[in-house]
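Structures are listed in the sections that come next.
Two complexes, one shared chain (chain A), two partners (chain B, chain C).
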Partner chain A sequence: MKALSQKRRHPLAALVLLLMGLMLTGGVYAVATTLNQAKADTTTYSANDIKEGNKLFIANCATCHGMGASGSASGPSLVGVGAAAVDFQVGTGRMPMQMQGPQAQRKPVQFDATQTKQLAAYVASLGAGPSVPDASLVDGKGNAANGGELFRVNCAMCHNAAAAGGALTRGKFAPALAGVSGQHIYEAMVTGPQNMPVFNDANITPNGKRDIITFLKTIEADGSPGGNDLGALGPVSEGLFVWIAGLGVIIAFTIWLTSRSS
Partner chain B sequence: MSAVTETTYTPETSVGRITNFVDERVGGSGILREFGRKVFPDHWSFMFGEVALYSFVILLLSGTFLTFFFDPSMAETHYNGSFVPLKGVEMSVAYNSSLNISFDIRGGLFMRQVHHWAALLFVASVSVHMLRVFFTGAFRKPREMNWVVGGVLVILSMAAGFTGYSLPDDLLSGNGLRIIDGVIKSIPIIGTYISFFLFGGEFPGTHIIGRLFTLHILLIPAVILLMIAIHLFMVVVHKHTQYPGPGRNDHNVVGYPLGPVYAAKAGGFFFIVFGVVAFMAAAFTINPIWNYGPYDPSPVSAGTQPDWYIGWVDGALRLMPGWLFGFPLEWHIPFPWGVNTLTLNVLLPALVPAGIVFTVLFTYPWLERWITRDNREHHVLDRPRNAPTRTAIGMAGFVFYCVLWAAASSDLIATHFFVSLNDVTYWLRGLFFLGPILAFIATKRIALALQRKDREIALHGRETGRIVRLPHGEFIEVHAQLDDYKRYKLVGFESPEPMPGIPNSKGIVTKSEKRRAALSRFFFEDRVAPATPAELEAGHGHAEHEAIDPANHDAKSISH
Partner chain C sequence: MGDHGDGHSEQGAVAKAGQSVAEKFQDPGIPPHRPRLADKDPRAAKRAERQVAILFGISVLGTLLFFWAYFGVRLDQTVATLRLQNLLLGLGTGFAMLGIGTGIVHWAKALMPDHEVSEERHEIRSEADRVAAVKIVDEILDETGIKRRPLIRNTLIGAVALAPLPAIAMFRDLGPLPANALSHTMWKEGTRLVHDPTGTPIKASDVTIGSAFHVIPDGLNEMTEGKLEAKAKAVVLLMRLNPELLHPSAGREDWSHDGIVAYSKICTHVGCPVALYEQQTHHLLCPCHQSTFDLTQECKVIFGPANRPLPQLPIKIDSEGYLVAQSDFHEPVGPSFWERS
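On to the complex of A and B.
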């Protein structure tokens, strides 16, 4: 004990302490993330799905993502991105990507549900990653109020408090979230498409994600209680409206009133 | 109103006797006689002051309703109203009561929206009114003081708006207060103390909403009311200005007497403004506080903007870089008592543009008077084109404002026009410096060109597009001559010439005199002189100018 307390002042003691700290956090992180992924990968796909998926992939995706989805100059490796990433990217029409740009954008979906599933099966077979969420997590029957709080803390800075979307740097943007399916919202959170961060289950629990989906679906269904929401863009659209429509109508009236007399 | 006539007059009906009783003691008929006969010229651009006045009345009415139900306390509570996505959420009593007004009090949401739309309309109409006064030169003698009162009203109306915007204690308004807090804290040395006094401790504290509430419903409206009273009193004393026209000069006012025609119109107009505001409130949502959630210092939503009239200050903050050519704009200065920070990247954009705008605003009437040496009273307005340099200065200021204003919505410009946010910022930074200069040059050229066109039309009439071949083969286009009224508008204005410096009693042209001469040259060296009667005569061979000489043509005017 005495020896230890003397060595405490050794010049290398700080370094040792630092290393121990780093190893501890690293270890905990590794355990936490594998926990996440291990739990995520529960769906099973048939061998046929994987085979068909491989064919589709070679025909549609390999030009960018490389053979075996190992990546190329025009697309990242998909090993370990998981079925959820494919379901999200293909299911929202982002993939196959239309053009290079600040970020891949939504466009009409090119593959039907079976083909998407097959592609997902193929990519999932390459390495463990987040899987397509269970239907019970995306049913929108959670707690909207809790979801609202989670949304404001985690998502509103990019997506706007009313989920109307917002700008990021250099032409990137967080899209408006109205009309996105619960499943895709969930997958966006677990895979973090492009400029969006990943929200793993340690960040926001699966139930928390379910609440967020509930919140988004509630405000979408409720609409705007106060009348037309002018795009839910806040004071900018309100200001434009009062200047153009409000003052415009009033100017028309002033002209009408003063033209009557003369 | 002599005492003799009053005592001898006995009305026949009982209503008449009661009114007479009151009138003899209050003197209402005298006031009515005085004010009712004031003449108010008719032009649509003269009505924005009224729009401002009426929206202020609407604000008072709807605001009173809101105070019945709003509770400015920052105590914590849990929401238990009927808006499901917030049920059970912890929030301040202030936010809770705003939500209750919106969802659980009959007519509450409508009144909130009336109040907020009226507030936006109020500041917008005040601004347009001010622009009208500036561009027509209505601020000249004797109305300089009223222009200053007006300037105070602009600042007050922005303050009224901002304090109101902050009351619901939602995320949006809290973000706005956070920015104000940052600006206050950037004031060297004392900033932190001011912030702590204002918020009653570290931001956000538990006092600010209550304090803003007192300002918003008591102090600011009272001062606005006082200022409006002074403002309107001066309008009555000075009488209203009028646009140039035959028979209108600096000694008369042509228009309708206030009562009954104008008063009836004005009353009707109040209901029109009220109707427009009520329609907007019924059909379009404004400040949907339930979307933003309760204030919490950690989250900031995308698309966080102040109401439009504070936008330009927010825009300045957005445009300011943190580093300039490799030099940081934030400094840590060691003082004997510790390190103080100087955050110029916040302090400069918050104070300098607003400082420039308001300094120019308040001093402009005196500036122009000094340059022009014009000490006469002006009751006839300038058409903007006939004062090219003033109009150009006004447009430069307007563009300056608009660049900052646009910068406050840089993120929405980026997403809606599919451009990069960074590029929007770079362009607006460039425009911040170049925009006013370009606007000045372009406006001045346009004004001069319009004057030239006016002159051309006054001299040679309007082009009809009819080409006629004369017997000897020449082609001419037929010009239609204007009638006298129309022509008067084109020639009846003053066009000052640059004035050289005048030596003082010792025969010396002083430095300030030279500066004045230089500015006078800057103002007036480019000028298009109005067509003179002689030129008109030469132009189309009629001796019509006498009929349109303002001095001997006031048959249609009511003199005061």
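On to the complex of A and C.
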């Protein structure tokens, strides 16, 4: 320490300090910016994946999305949508679309995991976009309570407080979330499929998304605390049940009360 | 009053109400009494007695089931045990009540005496009664002398008219009038837009196209009193779309920042949170009554019962790149109220 304090008045001391300061801030900035992108590099695609994906794309997707995924009147451009969008749309069977309609419907998948990965590799090679999340973010082992709060603020208005789904305008709807894999939930949040808004990492942090997935998996596994939830659709199904079953029982008892004993 | 079938009913109310009706219709009286099985057969009576006892026994079992579930089901912090206990508690109390109720009804219907009784209608009031009543009122008026003493009458009217006025003062004291609380929110110039619920500020560069951020004003989370009331007025939905799609009217051109717009989340119909944002159609849907607002037309109502567009919060960015409000909303948020201009 003594040697250091003796050299602090050296003519080059200011220069050395300036360099140290610059390197420190630059280093911190580099670490901070790569933290958000860290998960992007966990899935790697080979050149072969991209080549096979291109073939699959031309055979199955280019009719609507155009050659080179540049878009056409029937489908949007896929440049920059990222691997996450492909993995979600193809992995849940929404793409290839069965027919034009208010929104693409979930259906049995048409491509196996390898083909989906190849398609994702091809689309990801066209432009930077959200990548498939790391397995540690979709394991459902986060904080379910925090996830519940984030879900109620950001998701429950469309997807229903019990994640049972709900109606939107003109035939569109927010689907129920039971039985959807954590990976697909995560990808839907970062890509905003169809009319769902995008929830980027600045809006809901990757850990927040992990908590939301944890919350959804928790309520799905625990079930309803009060017996049959009648679809958790609120007053519609509950009202229908009470009007039919409840009033039916009351009418039956009324008839029994006023009938003569045999 | 009279037991059925004893001939009394021919002189019932129907006959007295109008002679012409009596000529057309013969009062059929009460149908003949039919003895029940339990009246004729002692074995049937015994069987009914056992049935009633079984129903009461079911009630006892229901109560026992309740206490067995209450003390016997061990809650281990999982929903499954809670669900089991809830179910058994409900079934227990349900059967405890149902057993008593159905038992008593069955007892009354099958075993208790079943002679039928009919109660005859009161006579319709006679003219003489009406005259007598009017006479009593007239006598009272006469004896009080209210017609002869106008001084007493007028002072009484004055006293009765004034006496309820203190009640108005008392009711007014029940709470302060809302003053201008309905017209203002806690947004003011320079208030940062922060995340709901964490309270972290939002950079304009973080809001990518297609995003929807749920926003509260900075400082709301630190409030200790009236936080919910303040939040209920101040919540905002922040969205970004292609700036070419926005069609701001004159005077509102600089209320957005590069396609980022902020609108009140409180529906102008009855105040539900309008937060169902469709990022392709740019529609905002209210889940309560399906009012639909078009973001590209300054949240004009394009469907549903809402009457006014959602109020827009003018925003800008501060020197650090964070989104801040330019001012409060320029109109009251939420549903209509009496004094709303």
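A few points about this structure:
FYI, the second predicted complex is superposed on the first by the 212 of 262 C-alpha atoms of A that agree within 3 Å, B and C clash if a C-alpha of one lies under 4 Å from a C-alpha of the other, contacts with A are read in each partner's own complex, and residues count from 1 in each chain.
The rule is short, and it goes like this: a contact is a pair of C-beta atoms (placed from the backbone, for glycine too) under 8 Å apart; a residue touches a chain by one contact, two chains touch by 3 or more.
Since we're looking at a predicted model, the values are computed, not measured.
With the two structures aligned on chain A, chain B clashes with chain C. Contacts of A:Ser224 after superposition: both chain B and chain C are touched. Of the two partner chains, neither chain B nor chain C is touched by A:Gln100. In the superposed model, A:Phe173 lies in contact with chain B only, and not with chain C.
Between chain B and chain C, B touches the greater number of residues of chain A.
Contacts of A:Val198 after superposition: chain C is touched, whereas chain B is not reached.
Of the two partner chains placed by superposition, A:Thr44 touches none, neither chain B nor chain C. Of the two partner chains, chain B is the only one touched by A:Val236; chain C is not. In the superposition on chain A, A:Ser136 makes contact with neither chain B nor chain C. In the superposed model, A:Gly165 makes contact with chain B only, not with chain C. Comparing the listed stretches 313-321, 457-465 or 493-501 of chain B against chain C after superposition, the clashing one is 313-321. Judged by the document's definition of touching, chain A residues 149, 153, 157-158, 166, 168-170, 174, 222, 224-227, 257, 261-262 lie at the interface with chain B and also at the interface with chain C. Of all residues in chain A, those touching chain C in their complex are 149-150, 153-154, 157-158, 166, 168-170, 172, 174, 192, 194-200, 202-203, 222-227, 256-257, 260-262. Interface residues of chain B facing chain A in the complex, by the touch rule stated above, are 42-45, 47-48, 51, 83-89, 102-103, 109, 113, 116-117, 120-121, 124-125, 128, 171-172, 256, 261, 265, 268-269, 272-273, 276-277, 280-288, 290-293, 296, 298-308, 311, 408-412, 414-415, 418-422. Those residues of chain A that touch chain B in the complex are listed here as 102, 144-145, 147-149, 152-153, 156-162, 164-171, 173-174, 215, 218-219, 222, 224-230, 232-236, 238-243, 245-247, 249-251, 253-255, 257-258, 261-262.
Those residues of chain C lying in contact with chain A across their complex are 34, 36-38, 78-80, 82-83, 86-87, 105, 109-110, 114, 195-197, 202-203, 206-214, 239, 273, 275-281, 283, 285, 287, 290, 292, 303.
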